[in-house]
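To keep things simple, chains are lettered A, B, C and D as they appear, and every chain counts its residues starting from 1.
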Amino acid sequence: MMIEFILIFPLLSCIALIFFKNKTLSSCLLIINAIALLIASVTLCYALNNGIKIPSLVGHYFKVDDLNILFFLVLATVFLAVAIYSSGYVKAVNMHNKKATYYSVGILLFVFSMTGAVLSSNMALSWVFLEATSLTSAYLIYFEKTKQSLEATWKYVFICSIGISLGFVGIILLTASLPSINSLFFKDLYANPSLFNHLWLNIGFVFFLIGIGTKAGLAPVHSWLPDAHSEAPSPVSALLSGVLLNTALLLILRYFHILNIAECASYGKFLLICMGILSIFITCVFVLRVKNYKRMLAYSSIENMGIIAIGVGIGGIGVYASLIHLIFHSLAKSSFFMTSGNILIRFRSKRIDNISEIVRSDSYTAWLWMLCFVAIAGIPPSPLFISEFLIIKALFEAKHYLIILIFVILIAVIIFGIARSVINMSFGKSAKMDELDIVDVVKFSWTMYLPQTILLIILAISGVYLWPFISTMIKNAASLI
Amino acid sequence: MFEIITDIILILILPFLFIGVINKTKAFWGGRKGPSILQSFYDCIRLFKKGQVISNTASFVFCMYPFVVLGTTFFAALLVPFAFSTAIININGGFILFAYVLGLGKFMSLIGALDVGSSFEGMGASREAAFSAMVEPAFFIVMASLAAMTGNFSFGSISSLMTHAGSLGYLMIILAAITFFIIILVEGCRVPVDDPNTHLELTMIHEVMILDNSGADLAMLTYSSALKMVIFASLIANVILPDDLFFTHSLIYYLLIVFVIALLVGTLESAIARLRMSRVLDFIFIMSSIGLTILALVAVSLFS
Amino acid sequence: MYLFLIGVCFILLGGIASILARDERKGFVFLLFYGTGAFVSLAISLRSLIFSYRYGCSFEMGFPAGTLSLVFDPLSAFFVTLIIVMGFIGVLYGASYLKSYHNKGYGLTSHYLFLGIFFSSLILLPVIRNAFFFIIVWEFMSLSSFFLVIFESKKREVLSAGINYLVTMHISVAFLIIGFVILSSISGSYNFSSFESVLKGNRYLADAVFVILFLGFGIKAGFVPFHFWLPKAHPAAPSHISGVMSGLMIKIGIYGILRVILMIEKPSFEMAYFLLVISVFTMLYGIFNASAQKDIKRLLAYSSIENIGIIGIGISVGMLGIVYENGTVAVLGFAGALFHLLNHAIFKELLFFCAGSVYSKTHTRNSEKLGGLIKKMPYTGSLFLLGSMSICALPPLNGFISEFLIFMGLLNGLKIHIMNILIIFPIVMAALAFAGTMAMLTFTKAFGITFLGMPRSQEAEHVEGDVSPEMIAPKVILGIMIILLGLLPQAVLPVITNVATQFCTQINGYILSYFVMNMLWTLSICLFGLLLVILFACGLKELYLKRKNVQKYKTWDCGYQAGNTRMQYSSSSYSSLFTDTFENALHKKTSQRTPNGVFPQRGYLKFKIYDNLELYILKPIVKVINNFFSKFIWIQSGKTQIYILYGFLFLILSIGGLFFFTYR
Amino acid sequence: MEDTLVLFFAFTMLYMSVASRLKSSIKMLCLQGLLLFLIFNQLSAHVETFNYIFLAFETLVIKMLVIPIFIWKIAKKNETFTDTEPSMPRFYSLVIATLILFFGFIFAAISRHHLLVTNPIPFGISISTIILSLFFITVRKKILTAIIGYIMMENGIFLLSLSIEKEMPLVVNAGVLLDLFIAVFVLGFLVHRIDRTFDKDTMDVLVQLKDSENDD
């Protein structure tokens, strides 16, 4: 009954919220949902690893396996962090009851759709939920009701809808490539790979990759991402780049697995590596001159998705590495976005050069900001270092020497770009220091520091010593790609 | 034992004589009678009798540097073979110690010059520093190649050059002698590098550094700069002389050679004018090229 | 071994504990913890250093890393000991240096925290034998040192220097990653022992890996042309940090190179010559630039580059000794390098601390503004003099001993009857001597202009009294070290030869160390003789002064009565004769305005020295990268249709590509 | 029979690519809905009743009536009846559209031999429809036209799914339909908002968010 519960509960709480619009209630319900989700994910994970069957009505359509349990855990963790953060956020930007309620409802629906997309065991069904995510998150991106946010929302919804429709084309071609069976359940798809028609499968994958890749933020179809991330409220950006991108990627991995077991993945791998390099390159181009720090973070999400794509594309140890990268990037990036929320509230500006010496007005935020940068840049003790190391190793073993060179150079440039902005923001002294003293009247509640801190601690620990349990789970997951 | 005593006596006397001879020669070429040979010795005595004037700005550095310079030069002299082809203190890599001990003296004299805060002395110090920077490499190349030739690293080795170096030996000896001679001109601040009896501070090098010294300090400094010249002169002598001479002979030959060198210096000084300050570095750099030539010769004679 | 780890943890705890303390107490608390930790771990490392006792332990760290093994061999022990001891002095100085920053809104808390992390990682690095954790701890060190550098982040140049440093360190670690990735994918494990087995067999691999890792470690050590970060970061950092950085941190780069050589066991002569050429170049380049600097700490930073070059020469001489199976040369080379490393740590810390004291008194690092300080701050001044004498390798101080060893290595190399050695070694000796005299010019300038003569500005005039005794004490300790090591080098020599012989396993180290021992005995006796002679001369003067009176008068001004303090020789003019001769090598910019007209107004003459390589290599590269990427900014044009067009075209392209690949 | 219908469908696409009046393209949308219904009658005879009813509902009600009417309402509300001049002359777009359709037929021909598609004409046309509508979107400026293009694309996909004789399970179909519906709804809402905020309903106003300016 676990899965039904976690699918129904958000909807019920939405209805409850609609009825009595109350700020505190909405925050509480968010946190309760998040905790429920976390508990559910942990229990499911436990059950999975110890082979315990949990009875379920919709077990046919929704079930956990080694791959999506990871995504589910990440989803739950990030959601909990965001929920805790939002309770402070709602106060800090002092939303009135109605607005807060809609905010929570939006987030709940968003999370619900992502949960569905992650858990569903049917290709088309998870596609449906993925489409649903872009519709549910549209409202959240338009939350600020400004011109820019409107534009961002338009681009997001429109581009993503087109992309996802292309993805559906990919699904149709997938069915076409398998004449005998008429089902899109993963177990049937993975059952007998020999029957697939390779050309069909590959065309399907091309459509699917480019379509769903739009949602996963892979270049060259990434273009909605910086706008949406920069215009959405910071907790929402955290969810978007922490969970949504992974969810989209999960679908791609599911599809890619078919190619792998049907032994026709060479072109798919090539395409993945191309898109990966392209994404990193795009980030390089813009991270050097971007003026808006939330956009900067968005670009770095693109970069990291690119790295993950490369890892998957290489295969071998690369897949393992990219899964590590995926998990910990979500944690790091979401905390990064939440911290940017603190900065945004305190300084009321998204421009990098308007902000300086955060360390003076709010030292804790400044240090969080710095450490998040360290985590994202893959500087130990960040686990992203492990993954990048392993990816380079995989590239070397696959004899892609040129790619290693490009990879290293681009990453160095990106780190320079981000480092410059982040350090100048937290420590630098700018000409217009005087209005800073006016601004720092906002007092934050502890809930706006706690989640990032916890996430960063998790990162630091697992960067030095990756818990064997996790690493075995990741290994199992990698076997499903 | 006899050698050691002789050497020490030589170290004590020769500098005065050396200066005296140079002055005599200059006087001769200038058609004058000139001061007596021991004039500089009398000067020293006189200076020791006089009192001392010290600048207000001077610190302890200024007071201590003259005797450090004296001490280092004296010790350097002990490291060098004089009349007899082994030095009093004869150790492996002696010439490295020698160079760096002299370096210590130079360091002290430089900061001593900077201590009184006069613009002239700073100028002199900077010139001295720049010139010595050019001298050292040449000295090391020459010594290293001679060591490679003779195959032992003590200072005495240079006098055994004749026996080791075969047909090219004479060439090497001449070149080495020339290098050391130039070093004499630089370290002793003689023409064409510097004119010891100019009266314009702006053109001085060594003289301007000791403008503020008086009394015993001045005596020590003049003595040690003379001693430096003698040291390099005796280096030349040892390069030329073979190491298997009977000691009276070697003593006589040695004195002869030193005398000749003094004559040469004097003659040169009355014959030519000093170089422009900017050309001096080029002049000094000639040594390095000579040193490289010696190195090439050594390589040829070892690998043929 | 676990005791050692406990000690390291103590140092780390010191950082954490100092968070809780008040600003005034922080330094003391940290010092306390550091002292305890240092004491504990020093015992272990000393034992392994002196009795060459090999400790070791290993932990199982799960999938990616494999087993983390920590091993003490003489080399590691040497570095660990060095770091602990010198680090302690650095902390001692730092605690008192930072007093002037208390309660002024500086990030003291974070400073001490990162100091703890920095030292613990620095001490841990030499014993780690697992590439993966080596890089992790390495990055810990770089990152924490970055935070230490940007302590005075209120200044723009400090911050930019910090960013520059961070990025450079990342590049260096990228090289390390590549090198270790190559090794680990061939050997199949991250343990150095497995690397050894791989490297011993395959010579070309060894060469390639050596070059790549050298790039990685060389950036850290500051070999030219990877030195750009160094002259920026050192002046930017607070003085105790600059001292520790250039005394210890850049030495870790040297440690890495030595470790690689040890892994390769028998280096090829290409490597040796490669290192030799780079080192000579580094040495000369460093000292050239040092001689032209006005900023004291910048000057010291460049001279660190020079000394790294000298150490590199020693190492490459040792390598050549191994290559040509001449034990004497090998031992002398490595011993010289290690000894010089130790010495440089000592006198460079001393010099940086003195510079720091001067800075804390006058608040300027520009030596053109200083002068006459030796009367105001006699202790600092004379210690600075001592340090500069020993960095010029003047006997009877420690700097001379190490250079003497290297010289002897080169000389003995002449016995190897090989043409290129015969040609190269004398030239290297000449270069070393040249660098030595250049150092003399540089440091007579640094000392003379800063401490001697008359004050050149208000800052220098208004200094009252020397710095506090607890700021002088560490420097005194260092000074004593300098003198003792200079006069009695044979005391520490066995330890160093013990490390050096580790490199030449095929040669009987014992006899060689005995030989070197003898050499140093005679040397130290000579040095005592030198002291004796100088004392004799001193006595002579004393005798004279007893009888004669000394009177004070103003400096001889050549008849010009209206002389003022600004007419003294300044630092730029002191080195100008030299810099003008080598101006092409130094890129000196001159800007002046001559006073003219009937009523001439103030004129000026300014020199500015630029780092040539930075100007002609680094800047262009950065420019090119920037331009290249800025060519693509049209991508994010904001037009929805264009965005869709990208996807559209990419779709068509990739389907076309698919058909192309399928029906080829 | 179905091939003629499919051809007819293709011609509607051609017409749309040159149509300048919004009303006509909306009419074409209705027509497409109808055509799709007929085609799916022809193509997939053996469908279980639920699915059949559902698909009939989808095509006849949603695609043919609801969506066009909704769009028409928006158009009326924003007083946008004619499309502004596209960024490329209509003639060229006609040429390109023709080429793309031609490519569709070629593709159909290929697919018959290499890919063993049972009914290649619908397949080829649907592929070319998708590409054509992407082209349509990139060329046109009006936001409403873009949405129409999106719906055309959805129709194309529907045709594609028909051309391959596989029907999705009911749940999936429902989900797909729901998504399509909501997407159109949301887009319509956004169009309305954009028209209100920028009082202009072309996409040229939506270029605030970009990084392409190079001022440093």
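FYI, a contact is a pair of C-beta atoms (placed from the backbone, for glycine too) under 8 Å apart; a residue touches a chain by one contact, two chains touch by 3 or more.
Everything numeric here is computed off the predicted structure, so don't read it as measured data.
Novice: Can you tell me the least number of steps between subunit A and subunit C, where a step is a move to a chain it touches?
Specialist: The distance in steps between these two chains is 1.
Novice: Of every pair of chains, which is linked by the largest number of C-beta contacts?
Specialist: After tallying contacts for each pair, the winner is B-C.
Novice: Need the most distant chain from subunit A, centre defined as the mean of C-alpha atoms.
Specialist: It is B.
Novice: Using CA atom averages as chain centres, what separation in Å is found between subunit A and subunit B?
Specialist: 78
Novice: Roughly how far is subunit B from subunit D, centre to centre by C-alpha average, rounded to an integer in Å?
Specialist: About 99 Å separates the centre of subunit B from that of subunit D.
Novice: Using the average of all C-alpha atoms in each chain as its centre, how far is it in Å between subunit C and subunit D?
Specialist: 69
Novice: When the C-alpha atoms of subunit B and subunit C are each averaged to a single point, how far apart are the two points in Å?
Specialist: 36
Novice: Counting only residues that touch at least 2 other chains, which ones in subunit C make the list?
Specialist: Residues 630, 633, 635-636, 640, 644, 647, 651 of subunit C each touch two or more of the other chains.
Novice: Considering subunit D alone, which of its residues make contact with at least two other chains?
Specialist: 134, 137, 146, 206, 208-209, 211, 214
Novice: Identify all positions of subunit B at which a residue touches two or more other chains, and write them in rising order.
Specialist: none
Novice: Looking at the whole structure, which two-chain pairs count as touching?
Specialist: The set of touching chain pairs is A-C, A-D, B-C, C-D.
Novice: Inside the complex, what are the residues of subunit D that reach subunit C?
Specialist: Counting only subunit D, the residues touching subunit C are 87, 131, 134-135, 137-141, 146, 203-204, 206-212, 214.
Novice: Which bits of subunit A are touching subunit C when the two form their complex?
Specialist: 154-155, 158-159, 162-163, 166, 199, 202-203, 206-207, 210, 214, 220-221, 223-224, 226, 266-267, 271, 281-282, 284-286, 288-289, 359-360, 363, 367, 374, 377, 379-381, 385-386, 389-390, 392-393, 396-397, 404, 408, 411-413, 415-416, 419-420, 423-424, 427-429, 463-468, 471, 475
Novice: Inside the complex, what are the residues of subunit C that reach subunit A?
Specialist: So the residues of subunit C in touch with subunit A come to 61-65, 105, 107, 110, 132, 135-137, 139-140, 143, 150, 153-156, 159, 162-163, 166-167, 170-171, 174, 177-178, 181-182, 184-185, 625-626, 629-630, 632-633, 635-636, 640, 643-644, 646-647, 650-651, 654-655, 657-658, 661-662.
Novice: Spell out the residues on subunit C that touch subunit D in their complex, using ranges where they run on.
Specialist: The contact residues of subunit C facing subunit D are 630, 633-642, 644-645, 647-648, 651-652.
Novice: Where on subunit B is subunit C touching in the complex?
Specialist: Against subunit C, subunit B makes touches at 48, 50-57, 59, 61, 64, 66-68, 70-72, 74-75, 78, 89, 91-93, 96-97, 99-101, 103-104, 106-107, 110-111, 114-123, 125-127, 129-130, 132-133, 135-141, 144-145, 147-148, 151, 153, 201, 211-212, 215-217, 220, 277, 281, 288, 291, 295, 298-299, 302-303.
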